[in-house]
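What follows is chain A paired twice: with chain B in the first complex and chain C in the second.
The block that comes next holds the complex of A and B.
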């Protein structure tokens, strides 16, 4: 069943168009930086971008930072929101369940496919970022990006910490996926499920900027998304990263539980 | 006593105040072609979905192939092929790829024989030469055939088909009817849900009629359309029939007369000996349409103003 869902997802042209579009923005940014040589000053613009002109190996991280606030969550919400509601809208859900695929198994397979999509997408964004970064920019050992510690990271350290950052961004996106998947079991419209998940994220981002909401800020799903920059401090600043992982885990468990409870007991009338 | 394939007891489904299905007891036996008739909105689709475990009953029991549904869905459904409210497939994939995915999505059937089985079933529904064309380029009739292929893929013991000839041209309808009768003759039980009386009359051996969520009629087709005990006489002169046979004549119209009597030969002899011209004779049988209209009320999608 999991194999079936993976085949469906990755044989679908839309999946690859989404991934290609997702890569367009970082590539455009890289080209503009090279042509103008106008990097944002440290502390401004997307994370790591100020450093890439002098060290292209940091561009994968800059690319992730560019797509993380909006593009990546949209892509994840589209795919996860489509997972059950898309089958319902297309009429194939009733045939899958009558096959019988089993409601729990179908939900698990959809979840695995969404996780695979997130992982593949993040890895491709990082890989394209690496190729673009190392061909367009200079490569040299670097001082840590934030300028907080000022020590030099070896290329091996950069590679290892980039992998950690990829893992962390993937986990951050699982919260989005869980929201979209839950909404996807509530409605027969994939667009509605996707927009629902995006509404949660936009709401969360907005509340995060509001001082009056500081009491609930630690529980907002987008609160620790950008904490992956902490992997590049020396020593690594683990506090926000572990909190981020814990927070996403809670969202994922609760929402998937709700999705399961709803999907296994609902009337499929689509 | 033949084996029961579908049995429901007091099956009910309520959506809020609406009683979509209101306590029905279906009885479909092995080898039947069961015609499940009902007007639009009479609860046919909800019933079909409850049989397949898609909609969960509010009350009552469902047994399919001798096992409770939806509890035993994992054992029952691999032996059931279904076409539910029109076919559905992934438009960007070919019919072949769609069937392979459907086959892989559930239990049973080895991976090695999949290509062969998919090919066989496509041949069976007349889509063998369709090639790699994506389903979105299929005509309505081709989609219907693909849906049937999906239902037949598991070589099921029970076929549950909702309007299987929808979108097909007359040749296609004839082809599918022949296919269904072939399958039935080799032991497949067919549960055929439709509002097309003619289709049911041509195919079914047993008929159930649903009206506003209740079964108002369930019997063998031959019993329902059994002779009424009268003979219809085709004659250019119905008035003379009345003159000869007197109060045995139940009714007349322009070119026929209905006469009490179960032996057309006897009626013929009486008329011919009296010199009445007779063009034809047959036993009177009610059509399925007359039976259904007598049993069921008005169409459920007719929303009139209460008097």
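The block that comes next holds the complex of A and C.
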């Protein structure tokens, strides 16, 4: 069933249109940087964007930082919100459930498909960022980069930490996917499920800026999203990275459980 | 129908129970009772002061509750005392440590060695070398609980410290100590320090003022490991493409250069003038412990600018003596005029003590 869902997702043109649109913004930013030579100061603007003028191999990280706050979660919410509600709206859900696999397996297959979408999307954003960065910006074969702590990172270290960052960003999106998937079991409207997940994210981002909400800040789904930057400190700051992974795991477990509790007992008529 | 209802029920019960366990876990961990130790307050204070040879790595957060009407030049100090500062620290000894201020997309690291400090600023891609000036503005490393706790307790007398309840800080048992300044002019009502039960290292410091329940400053470790960090972690070599600079000593700034010599009284508001290393002669420092008042003459332009800022501060008291404000335990007062010259009085004293000091200063110097 997982294979079926994966094939279905990646054969849809809109999946690739979504990924293409996601890449448009970092590419536009890169072109503007090249044309104007105006990068933000280090520590300002999206992470690592300031460094790409002198080292294009860092652009994959800048590209991830550009899409992470808004565009990537929107794409994930759209795909995950569509997973069950889209089938219900299209009248195909009851046919899917006619297969002997059962509702729980369908739910898991949908989640795996969404996770695969997130991973493929993040990897493509990073890959396009690498191609764009090394094409448009200066790259020296033995270039070394200065990390946030002022220590020198070799190209191998940058590559290894970039892979870790890609993995972390993928995990960071699982909470969004879980929210959208849960909402997708509550309604027959994929738009409503997507908007529900986005409302949670906007609320989380807003609360994170308020001192009055500091007591609940460690539990907000967006709290640790930017912690992929911590891979480029020396020594690596694992504290927020591990908390971010743990928090996403909790959201996935709880929301998938709620989705399972709701979906396996729901009257499916469409 | 009935079986559907039961099926609906148990699934949601499982989810609700799982959620309850997950929510309760952090609360239960936070509520774990801390072990106390039967040690006197004076002995605990001595252990804290002797903890400067305890090596550690840690992660700390400092939260300032002061809103200071300071100009652009002192914005970093105002931010330090009014915002949240997140720090990573590695400590091998008093002359071998590193403190990084961590932000979402950057960091500023201070590396201490035997000859001074390197400060790395990622935002400016700049490494700055500094020696150990006797007079310096507060920086993030000063707010690390271990450093601040030792500094504040070093000013206390045994009679001013008492034991308080233990707490769990950074997942460790921490024994409580309260420093209550005895001086009547003090605006700091208490300094609460929690010390690591094993090493005596200050793990949390809370500075309180009498006029509000919100701490003026709360700095604490969230993680602590007493394994000695490697020398490679604390050392620093500037990147080849970084710009290099030299820290400017405060006594080289306008603060020390343009001040006219004045005869300041030996005591103000019941506080005795004391010697302070590196402080220019025109600046008077009064008081003991954490009850300190500094008095400095101000050049005309600086005085006019500060007077405007102070008068615009909510709660400012403006009378014949001058203008004075309090920001938590910190009091500021400006007296004088263009004709007679101006003085700034600043310190951890009450507004009444500031007024008394201003009156005595005016009587002595003729400034009004």
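Quick notes on this structure:
Methods note: the second predicted complex is superposed on the first by the 259 of 270 C-alpha atoms of A that agree within 3 Å, B and C clash if a C-alpha of one lies under 4 Å from a C-alpha of the other, contacts with A are read in each partner's own complex, and residues count from 1 in each chain.
Following the convention adopted for this analysis, a residue touches a chain if its C-beta (ideal position, glycine included) is under 8 Å from a C-beta of that chain, and two chains touch if they have at least 3 such contacts.
The shown structure was predicted, so the numbers you read here are calculated from the model rather than taken from an experiment.
Once the two complexes are overlaid on the shared chain, A:236 sits clear of chain B and of chain C alike. In the superposition on chain A, A:265 contacts both chain B and chain C. Of the two partner chains placed by superposition, A:21 touches none, neither chain B nor chain C.
Once the two complexes are laid over each other on the shared chain, residue contacts for A:12 go to chain B alone; chain C is not touched. When both complexes are overlaid on chain A, the residue A:95 reaches chain B alone and has no touch with chain C. Judged by the touch definition given at the top, the superposed model places A:206 against neither chain B nor chain C.
Within the superposed three-chain model, A:3 lies in touch with chain B and out of touch with chain C [touch as defined at top]. When both complexes are overlaid on chain A, the residue A:159 reaches neither chain B nor chain C.
Common to the chain B-facing and chain C-facing surfaces of chain A are residues 265. Residues 1, 3-4, 7-8, 11-13, 90-92, 94-102, 265, 267-269 of chain A are the ones that touch chain B when the two sit in their complex. Chain C contributes residues 4, 7-8, 11-12, 14-15, 18-19, 22, 59, 88, 100, 102-107, 109, 120, 122-125, 127, 222-223, 233, 236, 238-239, 241-242 to its touches with chain A in the complex.
Partner chain C is touched in their complex by these residues of chain A: 41-44, 46-47, 54, 65, 146, 148-152, 226, 229, 233, 235, 237, 239, 250, 253-254, 257-258, 260-261, 264-265. On chain B, the positions that touch chain A within their shared complex are 49, 52-56, 73-74, 77-78, 80, 82, 84-93, 97, 101-102, 104-107, 150.
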